[in-house]
Amino acid sequence: MSLKEKVAEFMTREFPQTNVVVEEVGNRSAKVRQPIGEEHLRPGGTVSGPVLMAVADVAMYAAILGEIGLVALAVTTNFTINFLRKPSATCDILGECRLMKVGKRLVVGEVLLYSEGDLEPVAHAVGTYSIPPVR
Amino acid sequence: MSLKEKVAEFMTREFPQTNVVVEEVGNRSAKVRQPIGEEHLRPGGTVSGPVLMAVADVAMYAAILGEIGLVALAVTTNFTINFLRKPSATCDILGECRLMKVGKRLVVGEVLLYSEGDLEPVAHAVGTYSIPPVR
Amino acid sequence: MSLKEKVAEFMTREFPQTNVVVEEVGNRSAKVRQPIGEEHLRPGGTVSGPVLMAVADVAMYAAILGEIGLVALAVTTNFTINFLRKPSATCDILGECRLMKVGKRLVVGEVLLYSEGDLEPVAHAVGTYSIPPVR
Amino acid sequence: MSLKEKVAEFMTREFPQTNVVVEEVGNRSAKVRQPIGEEHLRPGGTVSGPVLMAVADVAMYAAILGEIGLVALAVTTNFTINFLRKPSATCDILGECRLMKVGKRLVVGEVLLYSEGDLEPVAHAVGTYSIPPVR
């Protein structure tokens, strides 16, 4: 199995509620896709904020798993998101994560979120994850 | 109907996906409750980060509706959350929002999230919402 | 010497550039005061953003020193500030910090900043500090 | 005068306390340089957090002036910074800003901060600025 397949399988097993698709993992980065349905929309015909937050969190988690392996349990400590544009109600949301720091105790990454087919991001997130000490 | 009932009814109608219960609204504040089930948990037996984010967002939204009325459509522009402790997998999550600024264009609020029965918060969130101009 | 005096002396010695006055320390909290002069102002007759950020950072640092002692060197890992109102150009800035989590590895605190004499805060900050392992 | 020279002159006049040098402005971006001296350091031989925050704020402000012109007075509403690595005590700090959204009411930008000569950033900041309505 490729690293991407391993991470995707791990995410499916450990986070069965999410239907985010892991599309790429490696080199301190990850790409994910969230298929959008009625249950992700909010009034005004757009994707709800918490859905975007969840996609960003999964993208960072996938990138971190690609770096530190599938065993460790990273914990989000801080998460900041800026909403930039109204996402399309009919396109998938794509998340592209790039890790800016992979330390022994803390990992920091950023994610750009897009409505598929649009070049301008709909949101930008930054997250910090704490890596538990090896026992 | 009380203000709390009006806001709760509005939220149920406009955000049918969420099952967050609006418990108090008024005086630039709101309290909400998220019943926790299997679908909100993540590995390690705790409530997932995106669930906490969604509860905080709803709490702020309810407090804002209580101030500016049910017509206007506030839009989240910035949202920051710090995770402080591991939430219980078996207790409801309570969210207490306090608005720090209610301006004509921007509203800023903070939310403390608790596992019911625990005095120490599990997370703290701050959000900024843009209020569309009256037409 | 009281805890407050010890922390104030430490801050003066270690951060000689700042003229923030430490007024209270203890019980996971701290209060500080920034005398405002011409050098802290920006166009429009208000206190500049970076000055408010520095006051918030010092307030959190003082509160942390009060909890973990004067030896350890805490490092800011994340800092978020929301600007709520225009500060007065002629009043001192007061910073009130409350630590929300004092863990072994991470400390999280929030600070409310005021123009002295005004009840509504001019800004709200949240910061995360990493505590180096004891060697 | 070039756009860069106009912005640099404006910054020098309006923010006389800062000695940040504006090096590039245009295309929704800006580059600035902070010469580092004794007054910018903190214990442990590194650049203090508030100095990095101030450089990021100036970089975003310069990029915004390049887009909306020198008259308008943008106001920071939200600012988040993640500290990634210990900056060098002997190198200039470089700030590279890229605006992610330039709206009528809100501008959102991110800044990467470097110790000159190092490829890995020492910090990453995101800021939101409110643009006052034209009267």
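Should a chain be cited, it is by its letter among A, B, C and D, assigned in written order, with residues numbered from 1 in that chain.
Quick note on the criterion: a contact is a pair of C-beta atoms (placed from the backbone, for glycine too) under 8 Å apart; a residue touches a chain by one contact, two chains touch by 3 or more.
If you're wondering where the values come from, they're calculated on a predicted model, not measured in any experiment.
Participant: Select, from C-D and A-D, the pair of chains that is joined by more C-beta pairs in contact.
Facilitator: If we tally the contacting C-beta pairs, C-D comes out ahead.
Participant: Just how much do you need to spin chain B so its Cα atoms sit on those of chain C, in degrees to the nearest 5?
Facilitator: Between chain B and chain C the superposing rotation measures out at 180 degrees.
Participant: With centres defined as the mean C-alpha position, give me the chain A-chain D separation in Å.
Facilitator: Here the centre of chain D sits 28 Å away from the centre of chain A.
Participant: In angstrom, rounded to a whole number, how far apart do the mean CA points of chain A and chain C lie?
Facilitator: Going by mean C-alpha positions, chain A sits 33 Å from chain C.
Participant: Measuring from the mean C-alpha position of chain C to the mean C-alpha position of chain D, what distance in angstrom results?
Facilitator: Going by mean C-alpha positions, chain C sits 22 Å from chain D.
Participant: Indicate the residues of chain A shared as contacts by at least two other chains.
Facilitator: 77-78, 80, 82, 128 - these are the residues of chain A that touch more than one other chain.
Participant: Mind listing the chain B positions that touch chain A in their complex?
Facilitator: 14-15, 17, 39-40, 42-44, 48-50, 53-54, 57, 73, 75-83
Participant: Give the list of chain A residues in touch with chain D in this complex.
Facilitator: Listed in rising order, the residues of chain A that touch chain D are 78, 80, 82, 84-85, 100-101, 108, 110, 121, 124, 126, 128.
Participant: If you look only at chain D, which of its residues touch chain B in the complex?
Facilitator: 77-78, 80, 105-106, 128, 130
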